[in-house]
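Both of the next two complexes hold chain A, though its partner changes from chain B to chain C.
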Partner chain A sequence: MKPFDYVRPATVTEAVAAAAQPGAVYLAAGTNLLDLMKGGISRPDRLVDVTHLHGLDQIETLADGSLRIGALVSNADLAHDPEFARTHPAVAEALLSGASAQLRNAATVGGNLLQRTRCAYFYDTASRCNKREAGSGCDARDGENRGHAVLGWSESCIATHPSDFCVPLVALDAVVEIEGRSGRREIALDALHRLPGNTPERESALEPGDLIVAVRLPPAARGFAAHARYLKVRERTSYAFAVVSAAAALRIENGKIAEARLALGGVAAKPWRARAAEDVLRGVAPTADAFQEAAWRALTEAKASGDNAFKIELARRIVVRALLLAAAGAPARIPALPASPFASMSGAIHA
Partner chain B sequence: MNHSISLTVNGARRDFVLDDPRVTLLDLLRERLHLTGTKKGCDRGQCGACTILVDGKRINSCLALAISHDGAEILTIEGVARGDQLHPVQAAFIAHDGFQCGFCTPGQIMSAIGMMQEAQAGNDPERVRECMSGNLCRCGAYAGIVDAVLEAQAGMDESNQRRSA
Partner chain C sequence: MPELNLTSAPAHLRHGSNIGQPLTRRDGVLKVKGQATYAADNHPPGMLFAVMAVASISRGRVVSLDVAAAKRHPGVVDVMTPDHKPELAIDPEIKTNPFVFRMEVLQSHEVRYANQPIAVVIAETLEAATEGALLLAPRYETLPALVGLDAGESFVPPVVGVGNPTESHRGDVEAGLATAEKQIDATYETPPQYHNAMEPHAIVASWDGDRLQIDMPTQGLMLSLARIAELFGIAHDKIHIRSPFLGGGFGSKGLMAGPPTLGIMAAKLVGRPVKLVLRREQMYGPVGHRAPTRQRLRIGADGEGRLTALDHHARTVSSTFDDFYEPAADASHTLYAAPAIRTSHDAVRVNTGTPLFMRAPGEATGSIALESAIDEMAWACGIDPLAFRLKNYAEVEPMTGRPFSSKALRACYDQGAARFGWAKRSLQPRQMRDDAGLLVGWGMGTATFPALMFQAEARAVLRRDGSGAMEIGAHDMGQGAWTALAQIAADAVGLDIDRVDFKAGTSDLPDAGIAGGSAHTATAGAAIHSAGAAVIAKLADLATNDERSPLFGAGNAGVIARDGRLIRRDDESRSESYAEILARAGVAEVEARGTGAPNPAAMEQYAMHAHGAVFAEVKVDPELGQVRVSRMVGAFAAGRIVNPHLVKSQLFGGMIWGLSFALHEEAITDRRSGRIMNANLGEYHIPVNADVPPLDVITVEEHDPHVNALGIKGVGEIGITGSAGAVANAVWHATGVRVRRFPIRIEELLTQR
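Moving on to the complex of A and B:
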């Protein structure tokens, strides 16, 4: 690991000033960053440790009914918060389907949003990678790429964003609160991650020094609590990243879908909101046929980037099944195998 | 630049001067305190052999910078027995052959203790397997590990019942 300076700011303002310097990065739990630093993929000159900052580890309901989650809340604390799990079950299920218990105890909300891709060529410093080293090329294009993107990719980069948490968050219109050099601002989570285009090294809308201080879920998000699920296909049942995942949330009134939300994970460089699919579900009955139509809409623009055409059909099926599970209703307790297609549960209909 | 930190390790306060911030909790325990029960397997947060409890929660000590955990309370495998009296999870691992080579065992036991404190799995074998998935065992002693954890959990439930009766 390359040597670095360590600073522990006392306030958010001090943190922003310290991290705005070239070569500086924030350290939260470090579950992704330290791994990247040990492998020589990230080589920061300075770590700005934000873990001791006060006030960033709260889960609070605001006056307007929004839920505000501090950036330093751990993945485990959020998922196991009983009120949160009741009002946002798909988000809790997504969190519990990610990583291992040890990692969830450490990993933070802010860090989860900003974790890096697990593309093997990004991790292998002997490979060419436009994301790690701009302009060097992409060895994933002709490499082992069955896990890579089928939506929003470019010739420069076919990596995917690995977060589970972000998938239901983006479906539920989460907002990211950012403290930067010119003060506080907020952006939609959907606008945080960038598609690669010709600049895959630029992964987010954040500027130097920008610190995510909170994620907010609008009051409307809890309106989906009765019919929200996260479903994730992995190459093993636990402790694996998604091959494809989907978050589905429905608001059902008088037997019709009043509003639908749908997002996909494991398919693109960002959590992929499928608005065209949501549109076709508005006002119709929650039937398998309607969900098939939505699945087609969600993947209309999908294109294989290598040996991964199977992911397009897999994604369609996961979308249908996630919508069926959502229509059947969120379970009273998160299943023993969170988000798993192999979870034993009553009422599940195979697509 | 030197950094001073203090930790409580297995009940005893320890002060350290770090001349380099790159030291992980894992390396600090093994190299500075010679508490080598906590194992370095992958050193990249994948195998769970380095699992310890920090402020009561299980984490991978290989992915934690010591300097960032100034003031933390740490429990390692060396701190779970009371003298010659094994921790119930340790005793259950022996009773159920929850290991073969033993390298992953300290991490497995610390993870199981952390899991029981989290109280999410209860006596459901499927939940135990899911909640222990961050600890790999290359000898494949998983069946014994799950049995050991379930027995330790049942023993804890029983003693809690006795206490409340």
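Moving on to the complex of A and C:
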């Protein structure tokens, strides 16, 4: 591995200063970053290890009722926090459907948000990839691309963002708290990841040195607790990225949908909020027909980027199912096979 | 490698004999405690680390390597390239026997496949060697890669598998098809697959003058030794290989490959011990794989559902520089009683590492196609798939007409079907749902694998202290040789298992043959059995010829060896312990050798195969197309079961591999570059625990007097066959969608609502 500086700042301010230099990156649990470094995809000059920073591993309820999750909280600790799982069941379910138990124990909230795409050509340094090396071309475009994007892609890049966690977060209007060179600011999670356009190498709205310190869920997110689900279709029952996934959350009042939230995963370079579909559902009864209509709306702009037209049809079906599951109500406990179409199978004993 | 300390057998477990007892692995505790030394655990003093640089193109030439940059990196000791390497004694391209495969050991600058070794960096640390390999920054002259089953003109290879005829037939297939009332003409595709043993290929090599010490996982100690001897021009007795444990091999560690050879060359180049371990992605190329196939099956049946003809053609690939052809169509030789059968193969050459034996080579690929096609034909005839298979049950081997040495397949069908509850299956597909609304499907497949024997030798010793030893260079790849062969050894010399010093896993022991072809227990077991008989005979001679022995004169009547005593066969009150006999004779020990080998006369006369029946239940989400296996029952008849516990594990492993074949495994090859895009265990999917349902294995009793003295048929590979087809057929039964491209993918099942 290429030699690099390793810095372990004591404070957030020190961290930001250390990471603002060119060639510096933050190291959280490293479950993604270290793989990228070993493969020669990332070759940073300096690692700024944030895992020892104080105060970033708390889950707290703020005075206004919003929930603030520190960037260093592990994926597992967050999902297994009973209060969190009760108030934000779709988020907990999404977390538990990701990666493996070992990875979830290590992986952090901040790292999960900023994990890189799983496009095989991005990982293969012998391939051309605009994201890895701006302007070099995109070997996925005419390659093995059945897993690639069907929404928001460009000729420069057809990669998807692989996070499960981000999908219900974006549906629930999560906000990201950032500490940067000019102090603290916050942006909507929906604005954190960028679509590729002509600059797929620029993946997020973060500037050099920007540190994610927390993710906040507004008080309104709890309002969906009774009717929120995450559903993820994958090529094996566990330990696989989503082919397509969906988070659906409903607020049902007097038999009508007062408010709907819907987001898709595995379809675009960002967690894909489907606002047009949400609008269709406002004020109507939670019926299969309404959900079909919403599914069509969610995918009207979808377009195959290769051998992946099936993902559009699959996404529609997942939207319908996720909405049906949400309407039926969040289960009292997270299923043993979280977010799986087989979640309701009796006798399931694995996660 | 410290002396092995195997777990003793628990007291009071045995009830007479060792063979047949469900002993737990004697090396289990060592493994759980991390005390089992695998090759890469060895660190001789002064050892350096070698890391291969591999090609990122699949066809062309390396035109430059920045050796200077690599050498400048702190810790790098040397860089081995085609221009700077120790010379070999023979050209590695020369095939001195059919078990020699061509390998890339830097003999030229040519690149023949992606991940081919192009240089080796040797350094004081693994990190320095790894970075040195990156710094080589190779530049290439790239030619268009040959990729896939249609890469070029096809040709008919001279042989397939290990010397099987490319084409075989019996009866008139075209006539059989012409008169058939029902016909199936279907084409199935299977992808390239990689062995992906948990333990990567590794070697630690040390030269001491012209002596060579090697730690390396191998399924064939003597084959490897002979290949190393010829490559390096040294005598066999100068080489010592230790391979006490393999973290899986599945065929990929059967023959000497390029990477371990490079490790030996590197050690020679720098004059220090060297360790070379492959990275996971480097295992996708130079150490073999299962080639992709495209198989066309044409089947005819009469009005009663009896087969009239079976035509099985398989297209496969080999590398551009060597020959191994997956004998997929040969799976149709043994199972179904069609009066006319033809099997044939053709192939194209592509830029890939040479394909190789991979657990059930030919049988696995051929079985999933054949079992799918048989299922399609049963449906076309409107007959239950089990009833259809019974209707076409082969009483003699269909392709040769020879009787079977034994065949308890009918009992496998019966017992498996009963345990599974097959009788309640609906004939029509897409009829069954569970409480959650998931589609439920039931499918089955027939399993078969030949009962092979190779050559082996063993040495048995009885000592004056009443203990014994059995020595054989056998291989434990996780299948349990340390336990099962020791059980055979204990019976062979009439001692408690803990009184027999069982030695295996090194090249200074007698040749145990290769651990492959599901034949290791049978072959090594037969050698052990006969070595034991020979040493007991010697001991008996000492006693029966000595008038001071209570056994004097029993020569004709014979003796029985049991619990460390020789007992007169016709008068069990007269006996003597081994220790007493040896003490009186004044010898420290007696020893004898024995061999195991195939019996050509029996092979001529009988068809020898293990059989089985596998039943699977799958659940499929009707809208989303995701599949999950929910139940599997396999009933197998494989002759004598030496250790039911280990045999079950082998069969479980095979069944899981079958599930994996049907639903998960595939090396995704870039259609342009020939590079494998998922060369890691995150994205090359094999089943995880959550994919593996409760598995139920029944071992059906079968007595075979012909296969070998012990009646063992082998269970290493058969579990895959039948299982893959059973899962595929269950998916059809659940959905009504017949998928003929494997693994079955979600998009294929989205066609229906």
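As a convention for this text, the second predicted complex is superposed on the first by the 344 of 351 C-alpha atoms of A that agree within 3 Å, B and C clash if a C-alpha of one lies under 4 Å from a C-alpha of the other, contacts with A are read in each partner's own complex, and residues count from 1 in each chain.
Note that contacts are C-beta pairs under 8 Å (C-beta built on N, C-alpha and C of every residue); 3 or more make two chains touch, one makes a residue touch a chain.
What you see is a predicted model, and the numbers here were worked out from it, not measured in a lab.
Look at A:Arg116: by the touch rule set out above, it reaches neither chain B nor chain C.
Contacts of A:Ser238 after superposition: both chain B and chain C are touched.
Once chain A of one complex is fitted onto chain A of the other, the partner contacts of A:Arg216 are absent, as it touches neither chain B nor chain C. Once chain A of one complex is fitted onto chain A of the other, the partner contacts of A:Phe342 are limited to chain C, with no touch recorded for chain B. Using the contact criterion defined above for the overlaid structures, shared-chain residue A:His193 touches neither chain B nor chain C, since it reaches no partner.
Residue contacts after overlaying the shared chain place A:Lys270 against neither chain B nor chain C. When chain B and chain C are set side by side, the one touching more residues of chain A is C. In the superposition on chain A, A:His161 makes contact with neither chain B nor chain C. Contact with chain B, but none with chain C, is seen for A:Leu47 once the two complexes are overlaid on the shared chain.
Counting contacts by the rule stated earlier, residues 1, 100, 237-239, 337, 344 of chain A appear in both its interface with chain B and its interface with chain C. In the complex of the two chains, the chain B residues touching chain A come out as 1, 3, 20-22, 24, 43-45, 48, 51, 57-60, 62-65, 67-68, 111, 114-115, 118, 120, 124, 126-127, 129-135.
Per the touch definition, chain A reaches chain B in the complex via residues 1, 3-6, 8, 27, 29-31, 34-35, 38-39, 47, 49, 51, 76, 80, 99-103, 105-106, 237-239, 336-338, 344.
By the touch criterion given at the top, residues 56-57, 127, 130-131, 134, 434-436, 438, 619, 621, 623-626, 628, 630, 663-664, 668-673, 675, 677-678, 683, 685, 687-691, 745-747, 750 of chain C touch chain A in their complex. Residues 1-2, 40, 100, 118, 120-121, 124-127, 139, 142-144, 146, 233-240, 243, 310, 313-314, 317-318, 320-321, 337, 340-342, 344-346, 348, 350-351 of chain A touch chain C in their complex.
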